[in-house]
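Order of writing sets the labels: A, B, C and D. Residues in every chain begin at 1.
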């Protein structure tokens, strides 16, 4: 795993400001758990109103928090003033999203001038154990 | 485009029941717009609390409604008693999700015994025009 | 489906030159079947030395011709002087790649200044019938 | 990373037989570098006849060796008698595929009864250094 050098010394504040500006994160009850250069973690407690027909977290909610973790991981390495948008992502759902709490991690795989490639994961905390729920491969763009 | 034959004559009711059982759809304010064999449409009015940092619909919300449209399109062709789960999906974001209202369409591309492959799209209704916002390619599994 | 306007009147010659410069296409025995603005078709006769363990075309060969069809479809709409590279693609394999001949089609879904999103398909010609073998969703970049 | 237990004690021979049965691997000049439970590596020397217009390995060849590495990694954990097919994969191309030699690695992320999810990578050996060229996320099916 490469060590990443932030282009912006104020990277953490930018990520925190960006997260605070995503109304959906508040709507879902998600919080920013950690910000380091090239890696961001988001936590989400389970709520009944975020589920699909079996009571598991809906795949759209899984995607929302992992996509945001990946996007902010990308932003943490971008030059001052840049904004980040998702170009595309692919998600594999590995296990039912059941648990009391979920942690999404986004990590930069390759940071380019225009495009940043990220890998993301969602882990469920279920009865004291960690279950790998989903994995994402995403492309982000700076603008 | 192939004509699809439902294996279950009560396919529409099953889809309507499945949609009603997804708490997230209510949370987002999404409604079922149409159900035909192999194709399902879901509508979503824009709301401020579903946005990312630029005021566009968050990619997770885009994914939620297109994934549900694809999943229920798959379910509409499955045998009685089967439930549907998303195995994986890939989403390309084509334009900012800006507009007053959004329509997600899911269509079955290939219906197998175990796996169903679907294509999905999100269109924004913006100042009287339609804008193609996102496209999805997804794999669903019957269980 | 949008009508596409080529930015380069010599788009067809550029695509033909680009195809001729891809050594792999010759190695596989692929030929350029048609070039129109935003859509390119490539043909590939079946050969034993391109197969996987069941005698079907290997998924890598399926990907090679659909990726090239998508890349050249993107190039057909790019400004003079631009070259095209694949950023990423996703392929769903819908049916075994069995047949005497295969036709890959690449189509531009959205053409931007930097990024072009394409959809691709592979059809097998098998005993006089067409079988949909694979579908691709791809992101191309101009440089 | 989970430790994987093979369901078939003869897993290595099955993978070697499967690899030998893929005519395309011979055509490309690829060889099997290592086989352990849940992880397979394939090597490919660079050849001019496998390139795209810039002299880099064509994305279809990149995909071919990483897809085979992922498929055989999945097969290494499957029950005796099972065969493996690719359902779908997504590839991000991180850097030009330039180098003297390439190593594809496929690893099982989650091994289920029917579906196996794999992650794959391609590394180029270039002037004594390793360059991460591509990353794949794939779904395999046992039949």
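Methods note: a contact is a pair of C-beta atoms (placed from the backbone, for glycine too) under 8 Å apart; a residue touches a chain by one contact, two chains touch by 3 or more.
As the structure is a computational prediction, the values presented were derived from the model and not from experiment.
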Of A-C and C-D, pair with higher C-beta contact tally: C-D
Distance from chain D to chain C - Cα centre to Cα centre, in angstrom: 22
Length of the line joining the C-alpha centres of chain B and chain C, rounded to whole Å: 28
Whole-Å separation of chain centres (CA-atom averages), chain A against chain C: 33
Per-residue overlap in chain B, given as positions that touch at least 2 other chains: 87-88, 90, 92, 117, 137, 139
Contact graph of the chains (line, ring, star, complete, other): complete
Footprint of chain C on chain A - complex, ascending: 87-88, 90, 114-115, 117, 137, 139, 141
Chain C residues within the chain B interface of the complex: 90, 92, 94-95, 109-110, 117, 119, 132, 135, 137, 139
Complex interface listing, chain B residues touching chain A: 18, 21-24, 26-27, 48-54, 58-61, 63-65, 67-68, 83, 85-93
